[in-house]
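You will see chain A twice below: alongside chain B first, and alongside chain C after that.
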Partner chain A sequence: MFAGTLVYAIVNSFTLILLAIGFNLTFGISGVANFAYGALYVLSAYLSWMMMNLLGLPFFPSVILSILATTLFGALMYRLVLLRVRGQALSEVIATFGIGLSILELFRYLGFVGFEYTLPVFFDHSFIIAGTYIDMQRISIVVLGFLLVVLLWLFTHHTSTGLAFRGIAQDERTALTFGIDSDWIATLSVSLGAGLAAIAATIIIPLGSISPSEGYDVLIKALAVCIIGGLGSTGGVIAAGFFIGFAERFTDTYFGSHWTMIVSLIAILIVLVIKPSGLFGQQKELEERI
Partner chain B sequence: MLDVKNLIVFFENAIALNDFSFQVNDGEFVGVVGPNSAGKTTLMNTLSGLIIDMQIKEKRKGGERITVYGSIVYRGRDITQTKPSERVRRGIVLSRERHPIFPESSVLENLKIAGFLRRKQEIREGIDFAFQLFPALVALKKKKAGFLSGGEQQMLAIGMALIVKPELLLLDEPLLGLSPMMQNTLMDAIVSLNKQRGITVVLCEQFARPVFPVIDRGYILENGMLTLMGTGKELMQNPEIKAAYFGI
Partner chain C sequence: MSTDNIIEIHKLTKVFGGVTAVFELDCTIKRGELLGIIGPNGSGKTTLVNLMTGFVKPTSGKILCNGKNITRMAAHKIIQLGIARTFQMVRPFYQLPAFKNMIIPLYSPRVKQMLGGRYGDRDAVALDLLEEVGFERDAYVAYKPAGALPQGYLKRLELAKAIALQPELIILDELFSGLSLAEVASIVPIIEKLRQKGKTIVMIEHRLKELFRIADRIMVLNFGCKIAQGTAEEVMASEEVKNAYLGSER
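Right after this comes the complex of A and B.
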């Protein structure tokens, strides 16, 4: 039982990391808390579904098109809406949450609810690892989650745009003196965050179904991971992803599944009491203020 | 090279620069000296275009109203309304006051971030040049910039500005908070950039002592207004300046 729990805990951890990494990237670079994040996740899944089931496109072109479309949507969201309220944190949250609500509730209104709304798995195959059945999709989550983290690290450490991202995140005005345009980088960061949400949806949705309520769940999970890890810190997202991922699975196995829901909430409470900026957070002002 | 005419800058109703005009010729080393709140940083931000960005962002937030009158002409082109990134592309590079570095990144990464507009090869050459100018940085290249001393951070800041290949280098109080010895090291480096590399330099400082002996021309800025100008030697001989800045 222990080995099985361990395997599923790893899968769960990577799921959480995949869910949170885009939200975290956007916040870390441009300071925009994108509350439409969960809606973008669901939007891309519905787009893939529509392209496959209504237009009859094959799987891979559909998901790639929908990931690109969601990325573009993120950029437009920044250019058309967020740019007008930049620098006012509360307005940014309200604006993004409003956009998220309208997307999710529009799908609910149009009746996109039910088990038929799902995406196919990449490979229909399963293994036995450490005496536990595990399917290819869950293995894909681990592999692709790991790959994505490595790629993001390479991007932010070895490409000029990635380095500019980190420059803007640390000191916007100094970055400006080197010709780094803060509005352009912020647009990129929101659209890249949206693209990461879409990638996460493509990998994770096949295990369940697409529904508007999934959007809210994803937002809450991403927020939980980011708050515990420290908003804007990639290391924090990984640590918090593993922390919650393991805590949830072990609670499920040894205490019962109805306790898993409160694990992340309790973790948030403990972190907020002991270290309000999160495990790896560097928002000292926040800590000092509290 | 640079022709500034009747520059007036308001922050809300407070005037920061009042009818400021000056010229900078190709290859010159110009010093602007003045006390705190004289308008030095505002001048630098206006020349580098940062003020345009501040203006836009304050307006979006509904914050402070920043108003700029007057004209800035650089190499025959009016750049008064040009964005900072475009001015950097044209060779106007500002090194901001208080050690403008990225504290969470290593020294090497700082230099790479500064090279955003440059090609890989140019960045590599720039880094070599920065290390040649400030050999002390070589041993620190893997270290987080935030852990460097004030003097090391300032060397890094100037090194970062050099990666951009400036034609007109604007330095905002590069000597702030440094020991006299470190001030000399930095001034020597800045002079060599000007004399050997032919980079035109405009430097703002509170300290007159290390600045006047090396500049071609100097301006005294007080309450946003130019009160005196002359060559470095003339300014050093001026009795009022002697009393105010040298305490003689």
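Right after this comes the complex of A and C.
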């Protein structure tokens, strides 16, 4: 039982990391808390579903197109709406939450609810690892989650755009003196975050179904992971993903699933009481030193 | 437009709410000169820097760079024209090691434009630049996070970041403040070397003695207005300047 729980805890951790990484990227770079994040996740899944089931396109073109469309939607959301309220955190939250709400409730209104709304698994196959059944989709979550984290790290450390991202994240005014266009970088960060939400949906949705309420769930999970990790920190997302991921699965197995929510929330509270800025939260003292 | 002026400022005014930080200022900066700007606290020196570098948009007036109107140009575009600046309150990337602070400017559009794709090993270039401003080679300091560096090194880092951008004009906002005499003495040769390379330099300073030794020309601001300009002796002889400095000791 322990080995099985361990395997599923790892899968759960990578699921949470995939869910949170886009939200975290956007927030870390431009300071925009994108509350439409969950809606973008659901939007991309519905887009893929529609392309496959209404237009009859094959799987890969459909998901690629919907990931690109969601990425573009993120960029437009920034240029058309967020740019106007830039720097006003509350307005940004209200604007993005409003956009998210409209998307999700539109799908609900149009009747896109039911078990038939789902995406296909990549490979229909399963294995036994450590005495536990595990399917290829869950393995894909771990592999792709890991790959995505590595790619993101390489991008932010070894490309000029990635370095510009880090520059803006750490000190916008200094980055401006280097000729980095902060509005353009913020556009990219919101758009890339949206693209990551779409990628996460493509990988995770096949295990369940697409529904408007999924959008709210994803937003809450992403927020929880990012807050525990320390908003904006990639290391924090990974640590918090594992922390919550393990807490949830082990509670399931050893205490029963009705405790899962409570244990996770208590874990969150404990972290925040001990370290209010989150596990990897930035040390404000440093900035205020001089 | 005469080409020996790198910057021409006409009737520049900036009002913040009720405070007039810069008022109808006319000024030119000649190519290759070292212009010192002095004035009591709050006289508008930093605001002038912010106006020239696009961090603050003027209420009225005009700024030309090599004859080109840059009055309302965005900050990130102004550096493309070769105007680099340092901040009075140093602004490094605190979480990054000192030499990594240099990597981001080395990847910047300006450097790409100046040197094309050829830049070799950026880590090595970063360390060279730091050595140029007085970080000891092979010492630990270049690898420490900027947040752990003493003020003297932070000021040098600020200077190195500006130099990395290959600017024509470097504006140094109180580079010497907070430094010991010995530290200032060790930075002066670096500035003199930049001049030999033909850079134009503007220094905002409160450390008058050190500034007067290296500046070609001094401009004095008080309440956002230019009250004197000329050689160090000329401006210090001015009654108005004496009064401004005495007046600031309220």
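Criterion: the second predicted complex is superposed on the first by the 283 of 290 C-alpha atoms of A that agree within 3 Å, B and C clash if a C-alpha of one lies under 4 Å from a C-alpha of the other, contacts with A are read in each partner's own complex, and residues count from 1 in each chain.
Assume a residue touches a chain if its C-beta (ideal position, glycine included) is under 8 Å from a C-beta of that chain, and two chains touch if they have at least 3 such contacts.
Worth saying up front: this structure is predicted, and the values here are computed from it rather than measured.
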Who does A:Ala175 touch here: chain B (first), chain C (second), both, or neither?
both
Quick one: classify A:Gln88 as touching chain B (first), chain C (second), both or neither.
first
By the touch definition at the top of the document, which applies to A:His125: first (chain B), second (chain C), both, or neither?
neither
Residues of chain A contacting chain B in one complex and chain C in the other:
160, 163-164, 166-167, 170-171, 173-182, 282
Provide the residue numbers of chain A that touch chain B in the complex, in ascending order.
83-88, 157, 160, 163-164, 166-167, 170-171, 173-182, 282
How about chain A: which of its residues touch chain C in the complex?
160, 163-164, 166-167, 170-171, 173-182, 282-283, 286-287, 289-290
For chain C, which residues count as touching chain A in their complex?
53-55, 74-77, 79-80, 84-85, 87, 89-96, 103-105, 107-110, 112, 147, 151, 154, 161-162, 165
Interface residues, chain B side, partner chain A - complex
48, 50, 53, 57, 60-61, 63, 83-85, 88-89, 93-96, 100-105, 109, 112-117, 160-161, 164
